[in-house]
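One structure is given below, encoded as structure tokens.
Each chain gets a letter, A, B, C and D, in the order it is written, and its residues are counted from 1.
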Amino acid sequence: MNPYLVLSLLLFLVGTTGFIVKKNVLAMFLCVELMLNAANLAFVAFARDLGQLQGQIFVFLVMVVAAAEAAVGLAIMIVLYRRRQTLNPDDADTMKG
Amino acid sequence: MMTELLWLLPLVPLAGAAATGLLGRRLPKRAVTLVAVGASGAAFVLALAAFMELLSLAPGDRRIEREFFTWIAAGDFTAQASLLLDPLSAVMTLVVTGVGFIIHIYSIGYMRAEDGYYRFFAYMNLFLFSMLLLVLAGNFLLMFVGWEGVGLCSYLLIGYDFHRPAAADAGKKAFVVNRIGDVGFILGVLLVFLTFGDLGFGRVFGKIASDPSRFPPEAGVGVLTSIALLLFVGATGKSAQIPLHVWLPDAMEGPTPVSALIHAATMVTAGVYMVVRCAPLFSRAPVALDVVLVVGLATALMAATIGLAQTDIKRVLAYSTVSQLGFMFMAAGAGAFSAGIFHLMTHAFFKALLFLGAGSVIHALSGEQDLRRMGGLRRRIPVTFWTMLVAALAISGIFPLAGFFSKDEILWAAWAGGHPTVWILGLLTAGLTALYMFRLIYLAFFGEPRHAEGVHPHESPRSMTGPLVALAILSAAGGFIGLPAWLGANRFARFLEPSLSLVHRGAVPHFSHALEFAFAALSVAVALAGIFAAHRIYLARPGGAGRIAARWGAIHRLLRDRYRVDEFYDRAVVRPLLGLSERTLWQRVDVGVIDRAVNGAGASILSLGGILRGMQNGLIRSYAAWILAGMAAVLLYLSLLRS
Amino acid sequence: MTLDELFLLIPQWILLAAAAALMLMEPFGRPAGRRRLGLVTVAAVAAAAYALQLQWGLEPRSIAGGMIRIDGFSLFFQWLFLVIAGLSAVLSTDFNQREGIDRGEYYALLLTACSGMSLAAMSEDLILTFIGIEILSLSTYILAGFKRRDIASNEASLKYFLLGSFATAILLYGIALVYGATGSTQYQAIRASAALQGEIPALLLPGLGLLLVGVGFKIGLVPFHSWVPDVYEGAPSPVTAFMAVGPKAAGIAALLRILAEALPGLAPDWTRILWLLAVLTMTLGNAAALVQSNVKRMLAYSAIAQAGYILVGVVVHTREGFTAALFYLVIYTVMSLVAFGVILALSGPGDRRVHLDDYAGLGRRAPYAAAAMGITLLALAGIPLTGGFMGKFFLFGSAVKAGFVGLAVIAVLNSVLSVFYYFRVLVYMYMKEAPGGTTDIDPVSRPVWAILAIGVLLILWLGVSPDRFLALAGYSSLGLK
Amino acid sequence: MDVPFILSWTTYLPAACALLLLALPGASDRALRRIALAGSLAAFVLSLHLVFHFDPFTGRMQFEESVSWIRLPAFEIRHHLGVDGISLFMVLLTTFLTPLVLLSSWRSVTQRVRPFLACILLLETGMIGVFCALDLMLFYVLWEVVLIPMYFLIGIWGGERRLYAAVKFILYTMTGSLLMLVGILYLFFAAGGDTFSLVELVARLESGALGWTSREELWLFLAFGLAFAIKVPLVPLHTWLPDAHVEAPTAGSVILAGVLLKMGAYGLLRFCLPLFPGAALALAPCISVLAVIGILYGALVAMVQPDLKKLVAYSSVSHMGLVVLGIFTFTTPGLEGALVQMVGHGLSTGALFLLVGMLYDRRHTRRIADFGGVAHASPVLAAAFLVVTLSSIALPGLNGFVGEVLILVGSFSRSKVFGTLAAVGMVLGAVYMLRMYQRVFWGPKNPANAGMGDIGTREKVLLLPILLLMLWIGVYPPPFLRRMDASVAGVLRRVESARAPGGSYRVDFMDARGTPGEETK
């Protein structure tokens, strides 16, 4: 098994676990970034394995997407922080049931 | 002529009923009287004409059947609207219309002051219609129509005074108890259809008689016996035999003319008529005949004993009716079908007379029915007294009144048929009959007046006494048409013979006329003994009755309480059934099980919704955990559980 | 990319250009007049629709180097998304003015979302699918939080964003695994390689699993649904209406393409998983909807359950199944838009009157709106003579035909469940009296009326005479090989 | 004279009238009522045409019309209508009762008159359609369509617990009908997937071109039968009925008892027997047991009901049990008896609900204990009630008897035990009906009845046709029976064809052979 893939899997697991464990929306978003990068790593690794260039190009696309996501996400967090003065995701529970 | 117009016979009273019932409320009483009594009179005339026409035929041809239309036809099941006039139905028709007409006339006076006059006569006419339909029906199903129809009229007429709860209850009880019998009847009819593929009397009995290999006289309980027993269940209901006798005494809540017509003379005898009509069938079912015999005897005896201890004049007569009906069934059970019909006819005369007389007494005493508050009426209402005396003697079986001939024939048939026990108990019952009947006569007409202050007994109007006299004549002389063989020829039996030609008859032992005469003398002696005893107890020794009652307290109470059969039914059947329905079926099964299951299914889904609601806790991280869990499950499935 | 291929993408160009124009209109144009922004949006949609209709009848083909497929399926979904965008824009206009959020970005995002959805449906390459879904998602994250002063809207936006990006990451990882297993992200290539190797590559199955999770999140399948009720409730009502139909349809489209075009070889695996997901989705969605008292939230759960029905068509994976799923999507879109249209028309200032109690006695207070809502609810419940029934009929029929009788039985029992809560609204509207002091209903604007009326007529028409739409759906599903 | 599309006219005229009502904005309630009545009367007149031009000598469908409705390449759903001896009188019963129902609500419904009338008329269309439809899908659609107006009738114009009753009604019935939908679909694909036409399917079954395993047939029968059994209702699926009856307005109760329940029994006759004769034969003992339980159970529970409507509702359970028993005798008397009983029950129970409604209008109560002595105040009402009561307890000479005796003949010839138990129901029927009659109408004068008044002209007009029809069926039923003969014979031929030669039909839920397209999970 390709060690890069193992690393990628670990990264992915860290990201998912962190997303559930962390109590700060920023940290959670960072975990998502970890997951995205795990995918990036996998793409690169696979591309190397397959001897293709395609996979490596995908990584750039994903990075762009991640950047856009970050922009949108931060904006949303800021709005919430302004209204609530908190970044704890558990405080956003007005709607439930 | 009449054979073509046979349909008119039931239809005339029906038209009378429709006219009085639908328009009567707006018509003056005279018009109602004219229509209703006229209709019954016309029916009587028609019946007479039919009878005469029948007589004009040779005995073998005395059977006129008319099919008017197919009433119900589905597949191989057909029931015709067919009428059958033969000697048996002709006799019944005459009795029904004759007594009916007399009682209609009587009712003019008796019901004069009633608001529901039109309603009463509408019901009475409807009753005549139903009864004629029952009697003239040419097949089982049409007979059932009449059968239920008379039940309905009985219900309506008992409940005529519907504002009195007792009357309302009695009406309902009569109908329901009758319905129980009717179920037996209809099941019997169904079995007839299944067995013979037909319902017409002529064809069914023809098949029985013509195919002895298929329908031999049965030693045990075969199909014929089953049919007979089922039909007999119907008869016990209609004719108030054990165990369905309980409704008839209560039925006395109806107006007295109703008691006379329906609950004494005609409707209650329908059971006897039906058994005799089915004689070809019954005669091949000895077990059923034995049942009929035993039930008849038991009923006769039981009712006679109860009659001894009743204080309501009409109830005494009601139990007397039950008892006499028992006699008729004894006759049928002993195979003496024509004797049963003979007694039916004479009984119709004298029992109607007794009831009308009782009505007259009650009328005279402004509604008093308790024998203990009567007495000494002999001179105040002489016509009533004398006519009732005739009837009492007749029912007691004193020679040469009508009851003597008919009852004696029954007792003789029991003996001759090889049932000595039945004969002895029958004789005893005859004695008891005389006893309770003269108890009534003595208590009502003799001794000191015991009625309340302010009541001035007076003789009834002529429209009421006229019928009394007419019936008294019939009661006195009616027996002569059926003179026993040792006094001449039994013309009644011979006349009925064509209707009973298909009856299966075993070997009849022959007895000498002298023996028969001796038996007759014995039964008169027993009756006289009964009258004498009544005289001793109720007239000669004041307070004698009280002493006997005190001495035999338990038995007296048992008799007075009518063997507590009603109470037994109430506890054994009515209450358990209501309890079962209310508590078990409705509350427990319907509400407790089915609805709870239905609502529970709903509730469990709602609670599932509640659980989901709880899981939807609004926390992002727990949502993510759900996604992860789902993902884990999917991956697990794909990696491990995949086969 | 040839000119020809550019021509085929003109509808998308129009949408994106209009989006850019709308963004610029506000800072540079005059203060937004009444409905001007909405009008521009609708005009753009109409123009795109016109351009789209020129492609009618073209031979199916792949363009952009095999990344985009132009076929009936693509046309169908582009049409559907255009209709959704256009109607949402109309529904939004009055609402936004009432709530003070009538901004150019709003409409621009609506159009970009529409474009993203179209891409997801047209894409023949996992990466493009991913990008389409991302465009859609980013637009809707913002739209959900567009009422910036509303705490519920903020929270909805945050929840949607966090969970959405989480699911996107999962999806992306799944794509990576599939790429690794097959060496391509292009559907035909994936299909070919999977078929060539005979044995299924080890990483393909986990890849499939992660793809299902990622797309299932977008569609709102249980247990990936938990964001749906909260976000639907918190988002501005027109956005909820849009989200209930648009992203869901896009998710279904992407799922259909992936499963039917790229991974038909794994059909035994994904049918079983989707069978279970469909059952869970229907049952739990309905069960949770039973206990809701907020109509918007109830409809959110109902939307989850409806997705379960649609999934039946995917599980069946026959021509009939795909056709029925597409057909049901059309009906579902109409029903949802009308239902949310009534809700937002009645919700009053602040979007507050969305509780069942607010609907008490509506039959008298606002007979027409109540009638529109009533017919729509009947349709959602699947009562005959409405499109909802016809849709379910063909869905369940396809299931029965393919031998999924058990699934059909579960689905109809779920329909019975759903009757309970759909009819509960009817009970409130027609069988309860309004409590005293209920305020009057705001007048509903003409364009919204028109949409509601057309929607109701369409629901009835589809219920009585579905032949044409069914034929259209059948033609479109031909694209799935 | 041959009127084209006579069935469509009859069926859709009421619906058209309903739309007209909804489209007339300014009309007064009075005008609306008149329009509705005129529409329903017109439908009745049209349905009379059916009777007069009905050919009693053929068992085939008559007045058939068939138009393509939904056409797809693979198959089409046709708008296929037709009547035969089985459906003819059901149609007539519907068109006969609807004007009376409208008339009965003349004064008692004053709120939301327009939608009320529209609901009744839509119901009529649905009901007539159900009885005429020969395409399974068309049948299903109309079957469901009937539910909605009924739901509103109960829910809007009903009594205190109307919401509970309405929801219970709709959930109960939809559970059954949706499973039937699955059954229809399965049947459709099993039959080749190209036609929903009942006539065509039966023809294929008869010719042997179509057949199924006994396991398939049994499940199909159950899928159809459940929907019908709930509607009938067969114990233990009956608990929706008392609630629905009690809470529905008079008009709703009359239609519910008079026609809607018949849809269940009709469905059994029209679909279950011809399509799945083998399963019908196999399950007949079980169903007959349930039917007999229903007869006795309904009667016993009716006996102890304190509420007039509930009593009548449980009596319906009892009477409809008898109908089902008759159907599953597979004998001509049984089936024709069931049909007559369906018509008869529609008349007598419909009339009972009308009368109870009249009592309610006057006294605003339905508790039996609150009444007593009503006959003093309203003798004509009491008399009419009596006649209806007697018809309900199957007094000879009235409609109830003909049906009941035929059913008894049929069932007794199949099984003496069932026949006997069913006959026992006659006693219980008399008990609860007469008990109720006595407690309501008889007894001493009651001051509470002071202001009651007797029935007026409108109410007389309402009752008279029903009473006359009762009498007619009771006294001279051949015109009815004759028209049923050929069709009933056709159904029985189908059933008999499934009887294995020389052996009873095998109950086999777990046939070794699987169904086509084994479930993948």
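Going forward, contacts are C-beta pairs under 8 Å (C-beta built on N, C-alpha and C of every residue); 3 or more make two chains touch, one makes a residue touch a chain.
If you're wondering where the values come from, they're calculated on a predicted model, not measured in any experiment.
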| Distance-maximising chain from subunit C - centres being C-alpha averages | B
| field | Chain pair with more C-beta contacts, A-C versus B-C | value | A-C
| query | Where the CA atoms of subunit A average out and where those of subunit D average out, how many Å apart are those spots? | reply | 64
| said: So the centre of each chain is just the mean of its C-alpha atoms; given that, what is the distance between subunit B and subunit C in Å? | reply: 79
| message | I'd like the Å distance between the centres of subunit A and subunit C, where a centre is the mean of that chain's Cα atoms. | response | 26
| request: Quick one: report the Å distance separating subunit C from subunit D, using the average Cα coordinate of each chain. | output: 43
| said: Can you list every residue of subunit D that touches 2 or more other chains, as numbers and ranges? | reply: 171
| remark: Multi-chain contacts in subunit A, i.e. residues touching at least two other chains, fall at 16, 19, 28, 89, 92-97
| request: Could you check subunit B for residues that touch two or more other chains and list them? | output: 602, 613, 616, 618, 620, 624
| said: For a test of understanding, state which residues of subunit B touch subunit C in their complex under the given definition. | reply: 602, 605-606, 608-610, 612-613, 615-616, 618, 620, 622-624, 626-627, 629-631, 634-635, 637-639, 642
| remark: The answer for subunit C against subunit D in the complex is residues 268, 271-272, 275, 378, 383-385, 389, 393, 396-397, 400-409, 412-413, 415-416, 419-420, 423-424, 426-427, 430-431, 465-467, 470-471, 474
| field | subunit B-facing residues of subunit D, complex | value | 168, 171-172, 236, 238-239, 297, 300-301, 303-305, 331-333, 336-337, 373, 375-376, 379, 390, 395-397, 401-402, 405-406, 408-409, 412-413, 419-420, 423-424, 426-427, 430-431, 434-435, 438, 441-445, 476-478, 481-482, 484-485
| Taking the complex as given, what residues does subunit C use to touch subunit A? | 127, 130-131, 134, 138, 141-142, 145, 148, 151-152, 154-159, 161-162, 165-166, 168-170, 172-173, 175-177, 179-180, 183-185, 229-230, 233-234, 292, 297
| Can you name the residues of subunit B that touch subunit D in the complex? | 25, 69-77, 141, 144-145, 148-149, 152, 155, 159, 162-165, 168-169, 171-172, 175-176, 179-180, 182-183, 186-187, 190-191, 193-194, 577-578, 580-582, 585-586, 589-590, 594-595, 598, 602
